[in-house]
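There are structures below to look over.
What follows is a pair of complexes built around subunit A, which joins subunit B in one and subunit C in the other.
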Partner chain A sequence: MEKAIPDKRKKKLSKDQLTAMAFLLPSIIFVIVFVYGFISWTGYISLSNYNTIVPDYSFAGLKNYLYLFNDFRFQADLRNTLFFTILFIGAVILLGLALSILLDQKLKGESIFRNIFLFPMALSFIVTGVVWQWLLHPSTGFNKFLNLFGIQPKWYTDTTILAGFKWGSIEFGLPVAIIAVVIAAVWQMTGFSLAMYLAGLRGIGDELREAARMDGATEFQVYMKIILPQLMPITMSVVIIMAHISLKIFDLIYAMTGSGANFVTDVPGLYMFETTFRGNYYANGAAIAIIMLLLVAVFIVPYLWSSRKGEN
Partner chain B sequence: MASIRIGSIIKYTLLIIVSLFFLTPIYVIVMTSLKPLSEVSIDQMWALPTALDFSSYKVAFDSLAPNLLNSFYLVIPATLLSALFGAMNGYVLSKWKFRGSDALFTFILFGMFIPYQSILIPLIQFLRTIELYNTIPGLVLVHVVYGLPITTLMFRNFYASIPDELIESAQIDGANFLGIFRHIIIPLSIIGFVVVAIWQFTNIWNEFLFAVTITTGSKQPVMVALQNLSGSQIVQWNVQMAGALLAALPTLLVYIFLGKYFVRGLLAGSVKG
Partner chain C sequence: MKKFFGLFVLLALALVVSACTSDEKPDTTSDSGSTDKPKDTSSDKGGESAVEIFSWWTGAGEEDGLLALISLFNELHPEIKVENAAVAGGAGTNAKAVLATRMQGNDPPSTFQVHGGEELNKSWVAADKMAPLNDLYEANGWMDKFPDALIEMVSNGDNIYSVPVNVHRGNVIFYNMEVFKEHGIEVPTTVDEFFAVADKLQAAGVVPLSLGDKESWEATQIFENVLAAELGRDDYLKLFAGEIDFTDARVVAAAEKFGKILDYVNEDHASRNWQDSAQLVAEGKAAMINMGDWAKGYFVNDLKLVTNEDFGYFAFPGTVGDFAVITDTFGLPKGIDDIEATKQFLTVLGSVEGQDAFNPLKGSIPARIDADPSKYDDYGKDTIEDFKTAKLFPSLAHGSAASEGFVTKANQAVNIFVTQRDVQNFVDALQNAAPDM
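Let's look at the complex of A and B:
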């Protein structure tokens, strides 16, 4: 597994090896305390009665979790997160892939286009939220264009649920308002998948494509049969990274829409923030945080596991 | 020939349409921020200003200036410390591997993906205990600690490209752990430092959740102040847009002048450990 150290150096190295470990020690202690220790403490709070300003660590069992799963707002959060994640990841991948293939065509001005698609990555979600809040303002913004075609969307103020049916206490289906938030998030994050795919495309040698073309494959077939399969590992990475962004999203929605009427744009990150720091319901907030962590871990742990195995 | 030309016309048309979509927010920010108050209305948001008026920048700057300073006080030490820790860790985990060091690396890397909500309540309790709550040094500590996974990952990947033979020959010449780091690794990793520094600068500057929960009032970094600016009803859109541009300017400038390293950081942060 580890790189074997030749025997003759082993003895001589030991002092340096100890120094190396000593240098790692502060970071390990930080990670143990600030990551694993604090997560455990949050887990403990989530099982307590600490729903007041005064700390109360008495054991409450799963009360806070049961409360959440029966809670209208939290059910809406899970619904919104599901649809946000699917639409957001789908759009970021499709748009990023399409743009990277276009940019890979050796066109003039490629770097200008690339810079245009990438610059939103340098901005914060707060700036994005502030700007898109205005661009998608119901009585203006993009509606000026869309009105020409007789469409008058209400964007993030829309409370309609598409294809809805009753589930728990909420209407389950796609909240139209979520689409507005997805547009802003896609605007910001497409540069990421574009950069990843572009690096991937540059890594695929021209020989392979040439060989396929020689065999009479059309350009479309070259992409479908040769290039896309080679880009699968990149797609996996993009999905994982976008999923973890979307499951914990907070600032964009906080800046752009807030929770929305009937919580149509609410997400767990926002609920956790408001219930903990505005309402002083620490145990409930901790329970939301633990659920968020579990949702992310479902994606991340297998990913970390497999990439470690792959490396070894 | 004709089909090739039609093909590239279609490609350019598609690229230009998507570019316009990507540039729209910039157009609206700049135009709105340059308008006098009388022209700032939702009906006229797409119109060019009839006269240039920089007063909204003055208003936005006056209210954001203290927070901009806070952000610089935060981001400079946090970025430098982050890069230093990351370099040390990456050096050990790539060139001084020991039994279990790969597992340890994964153990550290996990911290990169956790939602920070899951550590936020204990973190605030801890910062209150050590009296760093609502202070810039408190935020620096937080960003250095939670930056450890990503900076370690980036330096570890960067150092993997430095040949082991270089280390071995230095050892034969009698150089020790620190000597090799100072005289061989650091000079070879200037670009690594630039990439990591740009990445951390951008992330810390743009971060919001820690900033809004750990600081209040006069200690807040600029993103929180910007959000407060747009949250209030009195302030006009032109001031908000000017404020958004001011708050975004440092990272935009980094992107414009050091874009190559910015993208490298983007990719380095996503490549599997």
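Let's look at the complex of A and C:
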């Protein structure tokens, strides 16, 4: 038995490493069963006919997926997710970067500002959703204030699609109502990208900037040519983290707008919840969940791949 | 080395297995059915029994009603322990998800709240999870104490599966009396009269009908009432029995009228829920609202309005003499421990005392026709009177007329229709969903 183990490996596994592995093993098994096992189970359900409360595991092929792609609501969900993701990530990066550059100017009371911007991150999305729902509600908050001046903003009840064109059965374009939700999400998450960028900026040595200035670079050029390229890895991390938040978003929209008129603020997460837990369409719900997983994988997998390469 | 590895694998597996099986049964009820514990000698039927009541009654009036019911039960049956397993969350969404998990995991509560009609029949009865209650009805002589149409809603074939505790009416319009008086408006009794009234109000700058369809059921509720008005009660029943198609000319006409009604609602309906829209009526910004009678509870208890002084009510135009029933019922799931204790609870639930303890607080009317009207307010008395004579029809928006699946798809179709107003699309969507009814 002992002979069968190659010499090299025997050397590699010290007692400490073995202990570490042994302690990791239970959690690995838990993850295999409760994460990957359940993902596979969801995938299995999504291919079945389990669309009532009575379990029916007979094989349905891709029926549930085909149903979704022909479904007006799911098409609207994909459109909304696309625009939500673009606007949300764009705004979080730009705002976070701008604020972090301002904060990096060694101003007095920096920690106070930092706390102000970081604070919204301490809240959960469901709280943010409720707060913004109040703010944008027609009979309370900000809208009531605007009413005093005779302005009646429509905010998230707006069903207009900007720059829209007919694509299949839905109007493809930016739903105006999404902007209200994006504002709330950005309000919540900008602090995170601010913190990331600030850490990044602090990591760039002063010598580098000084050297560039000595060479006659303007302050603008210093940022464009020296600092921003150095911040690329951070931007990558922010994009990955924000992308998976926005593709899976549920609580914020559930609390704030719901599906919205004509499903202008509906997202796959909401649809999954209603399909599964209200309609008892378990197979359809599982199919939505699997599609959400694949969407996230599109972002995460290349990232994991590249970081693995980097390790080697 | 390998030995160690094997040991750890075993250990880890044991952990997983123990985690998987740890949901066997919470300890709190472990002494309920066991006979090998002689410590409790005072009780008469061999050990303490318990009943777990599962509902989504956690809101203001409804929780009071439930607690009153439980304390009445405690008084009558001090030997039975009551466990209130209410799950909070709008219209029972969360509770229903929890219930589905428990039922499918073979861990049913002793009894649970479920709307009479297809929510009961197409889900739990179809899944063979419910025990019939015919013997309980016979033992208590309930067969002629509940209206036949109501018993039919909680029955499947010859078997009765639950006990209704209350009735809400879905086809009511509440209106601001001052607004009506100011503009000299008479209560409309047909859909056409409603349109005339609405035109008059709109011309005067008042929103005729308040709507808050942040969740679609509020709009679906209007549609079901227009359907009942257009088809009449009997054909409405046939429609949901699958004997009439949704492409039928009268359904199309109902959809058109529904679209026309939507022209009279407040512009910001999509950002309001039903309470927010009821507020518009209370403030006089809107004249009417179609809402179940829980709106009366909201007006009286929360907004401190006076019935028949500040606000009045009438049957949805075209459905005078009909009664859209939303009924909360409790059944007996299969595979529970304390069948006898649960039956005792259901007996109290179905009794006059039980119904009169619960309903005045909840704001609904009793499901029994022989309850004591003097315990109810003016609105309750009127509705109890109507309930005795009206023709009952099950509500679609509240899961009585069709399965939860169809309701979900119908809500979806309504949401799209409210914006797009494409009648053909709308009836097609309903017809496509019809096999799921």
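One rule holds in what follows: the second predicted complex is superposed on the first by the 277 of 312 C-alpha atoms of A that agree within 3 Å, B and C clash if a C-alpha of one lies under 4 Å from a C-alpha of the other, contacts with A are read in each partner's own complex, and residues count from 1 in each chain.
The rule is simple: a residue touches a chain if its C-beta (ideal position, glycine included) is under 8 Å from a C-beta of that chain, and two chains touch if they have at least 3 such contacts.
Everything quoted here is computed from the prediction, not taken from an experiment.
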item: A:137 touches, of subunit B and subunit C: first, second, both or neither?; value: both
item: Which superposed partner A:30 touches (first subunit B, second subunit C, both, neither); value: both
item: Touching partner for A:263 - first (subunit B), second (subunit C), both, neither; value: second
item: Which of subunit B and subunit C A:172 touches, first, second, both or neither; value: neither
item: Which of subunit B and subunit C A:277 touches, first, second, both or neither; value: both
item: Subunit B or subunit C, by number of subunit A residues touched; value: B
item: Which of subunit B and subunit C A:126 touches, first, second, both or neither; value: first
item: Partner chain(s) touched by A:74 [first = subunit B, second = subunit C, both, neither]; value: neither
item: Intersection of subunit A interface sets (partners subunit B, subunit C); value: 1, 13, 26, 28, 30, 137, 139, 277
item: Subunit B residues touching subunit A - in the complex, by the definition given at the top; value: 8, 11-12, 14-15, 18-19, 21-25, 28-29, 32, 42-43, 45-46, 85, 88-89, 91-93, 96-104, 106-111, 113-123, 126, 145-146, 148-149, 152, 171, 176-178, 202, 205-209, 212-213, 223, 226-227, 230, 237, 240-241, 244, 247-248, 251-252, 254-255, 259, 262-263, 266-267, 270-273
item: Complex interface listing, subunit A residues touching subunit C; value: 1, 13, 18, 22, 25-26, 28-30, 33, 51-55, 72-73, 136-139, 152, 154-157, 159, 257-263, 274-275, 277-281
item: Touching residues (chain side subunit C, partner subunit A) in the complex; value: 1-2, 4-5, 8-9, 11-13, 15-16, 19, 93, 96-97, 100, 104, 122-124, 126-127, 213-216, 267-272, 276, 279, 403-405, 407-409, 412, 415-416, 418-420
item: Subunit B contact footprint on subunit A (complex, rising order); value: 1-3, 9, 12-13, 15-17, 19-21, 23-24, 26-28, 30-31, 34-35, 37-39, 41-42, 45, 95, 99, 102-103, 105, 107, 113, 115-128, 130-135, 137, 139-141, 144, 187, 191-192, 195-196, 199, 237-238, 241, 244, 247-248, 250-251, 254-255, 268-269, 272-273, 276-277, 282, 285-286, 288-290, 292-293, 296, 300-301, 304, 307-308, 310-312
